């Protein structure tokens, strides 16, 4: 059993690295959205031409990014969605809804102060974690049946 | 052609009423989540028994509400998702993702100041509106081919 | 919104009647497997001819019953699965798994003493109840947004 | 042709080993749920935090286990479901229903005394066996066309 | 519960009438392919223009007929497939395979002398009958739970 | 049997009227895209606000129109696609591909001079016609089994 | 591009060998049902135990064979169905219908004298051939774009 | 992440080569329809036998080509559709519709003068480009997150 994990959501802290580092030795592959914030924001106009209107600037970028994110969610075995401290993070919640409708097993990585606001997302998840290491523990258990000692 | 419209999202302003009132005479039916905030928050424990832990209190409620919302999204012809002024509104973004993955035509009703934060959601929508009356105009045009004069 | 409810499982107590009676006035329709135990056991051989071997006697019957039950689960909006006091009730758990794989919202009606044995089934349900009246309360809330007073 | 076989159900006897050993030389891979009973029961709280209430203790565990089992059933070519001597085994029947709804070829491995209680599960199977060696014979025949001599 | 039944196969005996007559009073609707043999053979060229080559004559007709038959199978709740005494009847077996792949409950109405040749089709059916009245009995039982007295 | 027919393609001749008039008395309903050319071109900006850039002007309109056309194709029983004399008509071919991928029975109404250019579209159709009356003949035959006299 | 080809149907002539031999050097893999007639007929009882009744003898065998054939059709890129000179060959037509409903590209290999009887099957095929070498030509063209010289 | 890209549409300019050459070093594979115009037009009759009627000549060819193109679209991760200067190019628009209905991420490569005629196709795309190098830029960004400098 090899598992392909998609790491969706917040791009400002090191949670992805902690999961990837912690999973060394496990039979997993990871993928993510483009996490370079500037590139992600400007990819549409950088490739397809500038826009005066901010709406279309963002629209082109969001669609170019969707080529990657849609593919990654649809081919993932497990989707991990991280809600961080800042910003609206509606794209994370959108990914969570998208993954749920496809029946993907979902692990949410969120903060206690967001518990009430995330209750619908949590209810659709198979696990709700607060630390990246818990995600690693779940991956290890899922692949090997071993619990943290 | 009869269209079934699901009105997802914010429950604190009169946007649903404005859409429903404006659509008088059109061949549409509307459905919504339960919009009584207190009932929506407490439905789980009110029916299934109290919980000490707020997480499970919310969890039970979110799942009971999902019986309705999941059914309504899956049977809708068009999903309208409203992002209002306040709160995290992750459930609205979750619904948008869920509807998108099912291939439902989606209309977003949002505020200009949220444009950048909603760019991924907007990119998945077939129309982005700022006023409920624009949603009505789209429904009227979709059903009758008539544009606002 | 009209909901079609499939009532799967135990056929020896009055739980179906209590749900149906309690739901008077709600916009629901109910369906069930054939609940006449003798007819359900013998339908295969009664229509298709006798069998010496008990395995094929049962096999024919189970397949004839599946014409009804498969159709009812697949067209249901909500599946309620009842686990009663007696018997192995593997058909109820089979229906629960079948409904889950189809993404049907599921309500389980079970007994506290079966909690541990049913944990996988409960984990796939949107609500776990102990009394038929709780199922009615969920249906009423789902359809009208009204909680029990 | 390589076949991926999921071995669902009872975890207290050596049936999995007998199938895996007997299949040496065949082009098959096997997967199973976590078969360490204690780990399987406690995985939720061990990773995600303790619960006072047994229901939530089990709920968390069942969902964490579902990450693995759901993935394994959905990617399997053939699902073998074993019903053993003891316990309610509703999770086995649930897996059988889940696999059936997905259209997975299913082989049941059960005991003669459970024949009547399993008739609906048997009716959904492509083969009903009583010994692990019969499962091996089916796999060998399916892969090589060779019957037991 | 209303059931829509598609009656596929042989068009030279009165089996359809016997089923339809016998089902008076049951909540069923029936549909069939065009059973006027000459019209069915010539519909393609009669509407779309003559063909010199018999292959294309038949090809056009088979495709025009497929507009009806494909729609009817896909919207049926139950598919009954009749294998009669004469002809190759490959279209009946084709319909049986098509219905099976769609997961439609299938009842086969065939003759004892064809048992061995139909074993794969029978294995995919939920009931194998020899008389139209047995099909009626199954429909009545499925709808009302009543067995033939 | 009632059939829902979607009439896709050319909006400059009276082919829709000829089909609808000719089908009087048949159990069919028809739907179409918005056929008011000006409204169809401008619906996006008329409802959602003007655009300087023609690309976005058209983009908004095409998406608003897709709310209707996507719904109509997906709920149609038969899709008729008309290729007329003028214009590129890529939207007609797009609809044909969309309908084909959904497995919808498709009837093409085209001109002899386009035969070679339409060969891939024709190959995906169940009937290729040159006159609207042939479409009516097919609908009548499909519904009633009656051929033109 | 690698293609997986399933070779369904007649087991009494060398058509499979001619296709496989002719395809040397092409990037294809082939699979077939079990073509040992005796093994195919008796696999059910040989593994699962004898039956007095020929119907159940055949039933068990047909289901065991379905484990292989269903898997092979569902994972094939192209399905070739051969109708030979003798027997009813309903299983071949059943496979053709099954493959069609799954949207598999189908090539039929049949005899001119069966043209009329196979018209519905032919209408669902992307190519109708009379010699195995034509099937090889199609595979070579599909993979390399090269026509027979 | 490896991406499989299908390059649909125009076969008379070097756009495919420019994309393939530009993508050197990226983890992509490319596939195309048969781009030898003569072979593509005549494949049907060359393999399956001559036809007097041009319609059937083309019909046979279009279906043989569909074996390849349908497989390639259905297994692609991204579909690029090129609209060139000449011809009706309805097959390109057909492929675009087919890919859209399957939910494939689509990149359109078209000319400014076709903007209005392609508005429905553009509206279904995740990116609209004018030069093959822009397609390469999107693939590089999608795979590596790197923007053109």
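Assorted remarks:
As written, the chain order gives the labels A, B, C, D, E, F, G and H, with residue 1 at the start of each chain.
One rule holds for everything that comes next: contacts are C-beta pairs under 8 Å (C-beta built on N, C-alpha and C of every residue); 3 or more make two chains touch, one makes a residue touch a chain.
Note that the structure is a prediction, hence the values are computed from the model and not measured.
Graph distance from subunit D to subunit G, where chains that touch are one step apart, equals 1.
Interface of subunit A with subunit D: the two copies contact each other largely through different residue positions, with under half of all numbers used appearing on both sides. The chain pair F-H and the chain pair B-C differ in C-beta contact count, and the higher one is F-H. Centroids built from CA atoms put subunit H at 44 Å from subunit D. The distance from the centre of subunit C to the centre of subunit H, with each centre set as the mean of the Cα atoms, comes to 49 Å. Centroids built from CA atoms put subunit C at 37 Å from subunit A. Subunit C and subunit E have centres, each the mean of its CA atoms, that are 31 Å apart. The set of subunit H residues that touch two or more partner chains comprises 63, 66, 128. Interface of subunit E with subunit C (complex): residues 1, 3, 77-78, 105, 107, 126-129, 134, 137-138, 141-142, 145-148.
Residues 54-55, 58-59, 61-63, 65-66, 83, 87-102, 114-124, 128 of subunit F are the ones that touch subunit H when the two sit in their complex. Against subunit H, in their complex, subunit A makes its touches with residues 31, 34-36, 39-40, 42-44, 46-48, 60, 63-64, 66-68, 70-72.
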